[in-house]
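Quick one: the structure is below, and I'll ask about it shortly.
Order as written gives the chain letters A, B and C; numbering starts at 1 within each chain.
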């Protein structure tokens, strides 16, 4: 097992889940999601106990999931409610998953339901907050989800992968600093008195700030388990305090990354950006979303080909340089959690 | 082995086999079919004994199959007839299959040729019969052929899969009855005084019958080995005797299904409809064929996804409800035949 | 192992390798090729020692290969030259391959670098020779490279596979002669007083020779290890000496085939034609290239399907007829070389 199970993952955005059921594999498990009525979301094995048809090909009627093959009605607890002409009491139950809708996402707990605690879903302060705006998207990537954690915890790759938008040589040239605090890993880099790259010039203009003056730029990556990476990013006109500059001199955002394993070598990558300036400007939100989508798409081929290379050479040890410290520390935390889960599952004290 | 071998399967429609050879895998065996002259059809291993080229890429000259690579001429008994500049007497023979053209189909016997008896090809009374018209088609489906037998022997799925054409709630609400007579399984359902669903309304209109009056509707599914399912279907204006109503009050057809295993998890599905009304109306034949093709295509995704679910959970037992009795009994007969073939092959009394 | 390693293969045409690196798998090894400056070509494992990214997704700066992920600069000896902010002395080296640019191709030695000797690259007299013109192309074929050797060393297949261009019954009817001289296999066929097939009629017209008179035609195939096949082909107006006829009575070319294993069951097939008439006519070169490309494409499906048939029946022995002698002898030489390499690798005297 390469991923924790007793934790909350983002399964889909709230927008993805409409009137119809949604089938999605998460942590190697085929799962169907649907709206069970009155704001309640349900998640079940995507397997009809009658003949094995995928329930996600069915429909939702009055909050019940109806199998599209023979009309079996499934309850959100995994027990069959009814089936035309049948007594269903003896039907085997299918697995039901703890699931929560929060902050515009559907969150799933793929492990032991007894341990699921909605209070441990991370708080996203920017959601439903008039001071903030958010836009994002989803990519399916054929690579181990930890390769994306590595990617996001080492932003030196921006210089090369995203040379025309957010990359610039100063990222490479400025040392980063990685610290670990419990299960949180923080990698930060502060660049002073530099030229803003194209993406940030556009953001400055969007915020009615000059884009042709020197800026201070910062990147503060925060990993928390299982695989969430929040990155504070921004630029301020130089000489106003950088990260701590007053709002009128800077452009500031949080890059939001929820990375959900699909299988051992594929992932659902939910990306987005929350910003604290001009939150009412929907057109700006759309522009940023489009720009970010293009930038993040540049990583996909690299990660998928990296995955294939690693699978072809399983015996090779990769390097762990100082720039890799964020990823290395994050993987260490993941490994510790997975080992504890396995020890607990084996009956030994974790 | 999941399918009998000492039996006749439909390999292709007669129309599919023209001047050129046709390559098709049946029961895990790559086979080439061609017209060997004077109405004779031949079926051979699709493997040239010279260098292993597929003979189906060759051509037919004067009833002989000529390999498209180096010109080896193959006889319909699997023995090489000639090859430019070569003495072919010592060439190894390839396997030749018993094959018959009958009722507009090419039938193949993939098992022991000694046991092949053309008299056991089922009789299709509607072929070349002026009172009947026939139209049909072929789908390739990536699922165990028995999932299609299940599908056709339990028509409650029509309510869900084919809701806009032939499905209606009364199918679900009306109990079906399954009987077994030797190797034949019969599942029937009779619905009285109901509204005709769209497909049947169109058929009534096509036959100059009112489509807005109550009808009696029937479905009588008949399975015979290895995997033929004939379904008598029809509607009659209510009050005229239903299934037994005189011809002028009803619309009556036979759904024709020949299901041929390609591999353990894929099939060739020959579907069609033979009707006993307005047989001379070629346009109506084309209309019905198009409508039926669309309806049957609705099953394909369900079966292919069901197959994937079953492969992912090989340990799970599926339910066998009363509505499944037709499929269950049909599978039981298939299993018995397969077991007998295997026992015979092992030298034990069957 | 089905192919020699201590030998030169064509990796790509010189035209394929421009400013950007080129990734290509050869003999089961993923390799990146690039121009390291001043006419020097380099070939390395396509695996960045930092995090396993494919170096072929990077770029070339001042002759150094720069990884597209985090900017590692790789030298053409497989040792890391530099990386922003890093000391690279301890970085593990990646494999570097002997590589040569010659005759419009990039040649690679996938085996022991110590044994690489550029003097053993075959001489291509027609390159950069004003008396000759050359045109060619590349096909990727999903088949064992030896199936292409068989194909080219037995041209009877032209009668069937290329019936509309270069095939004619006289090929089949005329015996061929195969001789072995050291590691060279030669299969020749001389046809006298025949009608030229369409391809050669066009070549005669292109050379201002009558195309409606009888001709003598010849095919002389020469295999040399590892898998080069050069075929002298041509026609002369009959009665002038055939192969030895003076230039003004004949059309004469060399079919050039370099066959490079990609994996055990796929290959890169470099094909072309060098001709000794009207070398200055670029339009004729383009015409011949287009015609040859179409003809050679006809072989691909046959070889790929033959490969699938052989994989499905690994136990079957194929026939080795007199027409197959060229391929059989060539494979014998290949096997001997492979066995010698393996014996040497095992420490035994070869």
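In this section, a contact is a pair of C-beta atoms (placed from the backbone, for glycine too) under 8 Å apart; a residue touches a chain by one contact, two chains touch by 3 or more.
Bear in mind the structure is a predicted one, so any value in this text is a computation, not a measurement.
Interface chain A/chain B: under half of the residue numbers present appear on both copies, so the contact uses mostly different residues.
The angle of the rotation carrying chain A onto chain C, fitted on C-alpha atoms and rounded to the nearest 5, is 120°. For the pair chain A and chain B, the distance between C-alpha centroids works out to 48 Å.
Looking at chain C, one finds that none of its residues touch two or more other chains. Those residues of chain C that touch chain A in the complex are listed here as 30, 46-47, 49-54, 57-58, 66-71, 83-86, 91-92. If you check the complex, the residues on chain B that touch chain A are 150, 154, 156-157, 159-161, 169, 172-173, 175, 301-302, 305-306, 309-310, 312-313, 316, 318-319, 321-324.
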